[in-house]
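Same chain, two partners: chain A is paired with chain B first, then with chain C.
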Partner chain A sequence: MSLLAVSNLTKRYRRGGKTVTAVDDVSFHIEPGETLALAGPSGSGKSTIARLALRLIEPDAGGIEFEGDDFLALSGSPLRARRARLQMVFQDPLAAFNPRATVARVLDDPLRIHGIASRSERPRRIAALLERVGLSAGLAPRAIHEISGGQRQRVAIARAIATKPSLIVLDEALSALDVSVRGQILDLLLDLQRQERIAYLFISHDLGVVRTIAHRVVLLDGGRIAESGDARAIIDAPQSAVGKALVAATPRLNRSIGP
Partner chain B sequence: MTALASIRELTVTYRRDGREVAALEKIRLDIMAGERLAIIGESGSGKSTLALAIAGLLPGSATVGGGVDWFLPSFDAKAPPSVLPDISPSRGEIGSSTGVSSPAAMVIGEIRDDGAISPLEGEMSGRTEGGLIERRAQKSASGRSRTPLLGRDIGFVFQDPSASLDPVMTIGKQIAEVARTHLGLTWPQAYTKAKTLLERVRLPDPDSALRAFPHQLSGGQKQRVAIAAAIAAGPKLLIADEATSALDTIVQAEIVALIRRLVAEDGMTLLFISHDIALAAELADRIAVFRHGKLVELGTTARIIGAPSQAYTRVLLDAHIGLDAAPLLNRSRLDA
Partner chain C sequence: MIPLRRFLHTPEAIAGAILLTALFAMALSASLLFPGDPQAIAGPALLPPFQDWSLPLGTDRLGRDVLAELFHGARTSLAVGLAAAAAALAVGAVVGTLAGFAGGLVDEMLMRTTDAFQTVPSFLLALAFVSVVGPSLGVVVIAIALGTWTGPARVARAEVLSIRERDYVASARAVGMHPLEIAFREVLPNALPPVLAMSSVIVAAAILTEAALSFLGLGDPNRVTWGGMISEGRAVLRTAPFLSIVPGIALVLTVLGIYLAGEGIVETTAVRRGLS
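Presenting the complex of A and B:
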């Protein structure tokens, strides 16, 4: 049984009297502990699919099965409980957090809301979460806007793993980071996956990163799946027009200095 | 090759929380006429501060030491934009004849006294960035060299075209006003020029694009318009500050190809500011690596990529994840 199974998902938007199909009959699945990448140009539907999978928006058609249940049929407290198992990390953690909150507050919220730890136990849990993502527990009283971008993304990951999820949606989660920081965050994500068997839905337009960390990739174009399969096989020899265009457009270090 | 601009001992400091923070420290760098020079660095490296300092766009709160010597023709020279003038005195000549405050050196932070009347002069497509103080172009006493005028001598393309284009002005007018302001054209002439520019940046259907507003265009198309406005007055120097960073990979490659073609066609000098060393390597003749406000290493692209001399450059190269990078994941997870 798949961890997440998305079938025939469709989402349409009305824009200026016209109907735009942002996601058009998309199906895929993610296994426990697996990284599935969604890649494609702007407007290909990858972020819409992420929001649908998280039930931040509702589809016009199609089904989502998560941990064996019909995810779209859940509501109220069963939905809230299941949401603890499905977390998210976005590109810009400063936009995702209340900027005036402290690191401790950001991590306290999920522990409290999902009833994971008692009030007296929470400071210890927060310290443990910070250490798990490679930060000092001494960072807890600092304001979110005071810490660096890399530290903030680690805090976002700490918040995501606080509720012991089985799946984390990473929507361009590495795109805004400096390259030297990006490698460290990649290592952290891979370590978490190995230790906790977390699956990732990894959304990115960077095929180099997708190729190094994803098991499988779904290439999207205009809301439809252009091709999908083993990430290295697809990126090393794309068959679809959008796959070929994405590979050709990816900057290469050595192209400039010739053969 | 002769220098278009010579950056000498440029130091820029900002006041932050009552402390002086150096964004750039004693930068010495020659920008050669006609070259494509990439400035590479991570956040806080000072790369954008350098771009703003060269364009004279630093905020008034910045303190500047050193400066930039320019080797530009005087306005009366009427040199065609594609021909670079042979008026390049050595830095020594300027330094010895004029001392510290060379008339050709850039005057940063000078407040315009006529700014309220003429908001268009001296900046790209008439847009004002909040808190910025314009620099007035001055002819040097000798007449051989002068400070550059933004929009006329320097075209600037920012990362976010939505922020640099006026949302309530047509595309055509935004480009035409640059040509009108700097080239002394009438409005009809300037609109004709704008249409030619939209064709040059390969915007589909230039006729209707002239009457379109920015929100009707995609991100890549908006960046094409911003580039058209930046080159409208035939600048010698085009500065692209993370101009493709907000675009997806395919559109980024298209915009890089466009910049490459325009720079070649017009004989412009390109300053390409980026965090992406691989992207810079595809476009630049030379690469300057910045870190913490200092110039770490400068060399030809082949030398920087193939044989970097500094450890930090090596770190940046190793951190690049290309299509040939070794996979990091544990492929056996499905057997677990």
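Presenting the complex of A and C:
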């Protein structure tokens, strides 16, 4: 049984009388502990799919099955409770936090909302979470805007793992970071996956990173699936036009796979 | 305190701060300097100002000390102005946040209610409310708030409409936070700055409305108000104009001070935003 199974997902937007199909009949599945990458040029519907999978927006057609249940059938308090199992890390680590929040408050929210730890126990849990993502526990009282981008993304990951999810959606989670920090966060994600068996839905346009982290990849173009399969196989020998274009746009990869 | 120093760099802010400080000093010292009932008779009737230094601003038709009335009136003006503005801002911010965040039918209902309140002139609304319920300080506060909460509600809603699309609201939903908690803990505090920027205008308008109500005899009869003093002096306007002019000047300076200080605060925050 798949952890997440998305079938025939469709999402349309109406803009000034015109209907734009952002996601068109997309199906894929993720197994426990696996990393599936959604890659494609901008406007290909990657982020829309991420938000659909998290029920941040509602699809026009299709089904989402999560941990064996019909995820689209949930609403209200059962839906909020189930959200503990399915977390997200956003691209811009500054925009993803309330500008007034402190690190402690950001991490306190999931622990409190899902009743994971009592009030007196929470400061210890927050310290443990910070240490788990490689940050000092002394960071807790700091404001979100005071810490660096890399630290912020680590806090975002700490928030995502606070509820012990089985799946984390990483929406361009590394794109806003500089290259040296990106490698460290990538290592942290791989380490978390090994130890906690968390599955990732990894959304990216950077095939170089996709090749290192993803087991399988789904290439999107204009809201449709262009090709999908084993990440290395597809990136080394793309069949679709969009796959070839994406690989050609990654000079580092071109050299490494040369003739 | 860099913001304070920047605040004091603009001349209008300094003027506003001085006027407001004087006003607060008057309100706070009223019962120290003038213990006892300001409405008690203190000397001969219609004594002009600057004649008797125990009654520097003279007395009114009934022989009440004008200076004591002025000090105690500052209390009423400030209390009503601040309370009405606080009530209007609180109601407006909550209604605007709910409308903007919930959207759909809730938004439609709340905003049509706001429209209904906005179509009625706010002074008429206050007048009607006080004449029906009866004049007392609390009723006057509610009456004024009734006509002024719509402005903050609209500003708050507009701000919330942009904030609710931000990533941190999405992440609060993804964490499983209850929609009401998202609205009031994540969205509302970030929507407040432009709403609070309206507060000086609202306080000033509330003080003027209170004065107008008192002038028409709809103020709390047990309290001295500047509007009531002007109304009292109207009967002897030709023979003793100072009875209307003194509280009139106090009113003008108060409203001016609030506007100037408010302007100064907006200016200070604008500069800070420009720098960052």
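What we mean here is this: the second predicted complex is superposed on the first by the 252 of 259 C-alpha atoms of A that agree within 3 Å, B and C clash if a C-alpha of one lies under 4 Å from a C-alpha of the other, contacts with A are read in each partner's own complex, and residues count from 1 in each chain.
The rule is short, and it goes like this: a contact is a pair of C-beta atoms (placed from the backbone, for glycine too) under 8 Å apart; a residue touches a chain by one contact, two chains touch by 3 or more.
It should be emphasised that the depicted structure is a prediction, and the values quoted were computed from it without experimental measurement.
With the two structures aligned on chain A, chain B fits next to chain C without clashing. Judged by the touch definition given at the top, the superposed model places A:142 against neither chain B nor chain C. By the document's definition of touching, of the two partners only chain C reaches A:100; chain B does not.
In the overlay built on the shared chain, the residue A:56 is in contact with chain C alone; chain B does not reach it.
When both complexes are overlaid on chain A, the residue A:31 reaches chain B alone and has no touch with chain C. In the overlay built on the shared chain, the residue A:125 is in contact with neither chain B nor chain C.
After overlaying the two complexes on the shared chain, residue contacts for A:179 are found with chain B alone; chain C is out of touch. One of chain B and chain C touches more residues of chain A, and that partner is B. In the superposed model, A:110 makes contact with chain C only, not with chain B.
Applying the stated contact rule after C-alpha superposition, one finds that A:235 touches chain B and leaves chain C untouched. In the superposed pair of complexes, A:80 makes contact with chain C only, with no contact to chain B.
For the pair chain B and chain C, the minimum alpha-carbon spacing after aligning on chain A is 8 Å.
Residues 166-168, 170-178, 186, 189-190 of chain C are the ones that touch chain A when the two sit in their complex.
By the touch rule above, chain A contacts chain B in their complex via residues 31, 33-35, 41-42, 149, 178-180, 182-183, 186-187, 190, 193-194, 197, 205-209, 211-215, 232, 235-236, 245-258. The touching residues of chain A, when paired with chain C in their complex, are 51, 54, 56, 80-81, 83-84, 86-88, 90, 92, 95-100, 109-110, 113-114, 156, 159, 163. Those residues of chain B whose C-beta lies close enough to touch chain A in the complex are 42-43, 218-219, 247-254, 275-279, 281-282, 284, 301-302, 305-306, 315-317, 319-323, 325-331, 333-334, 336.
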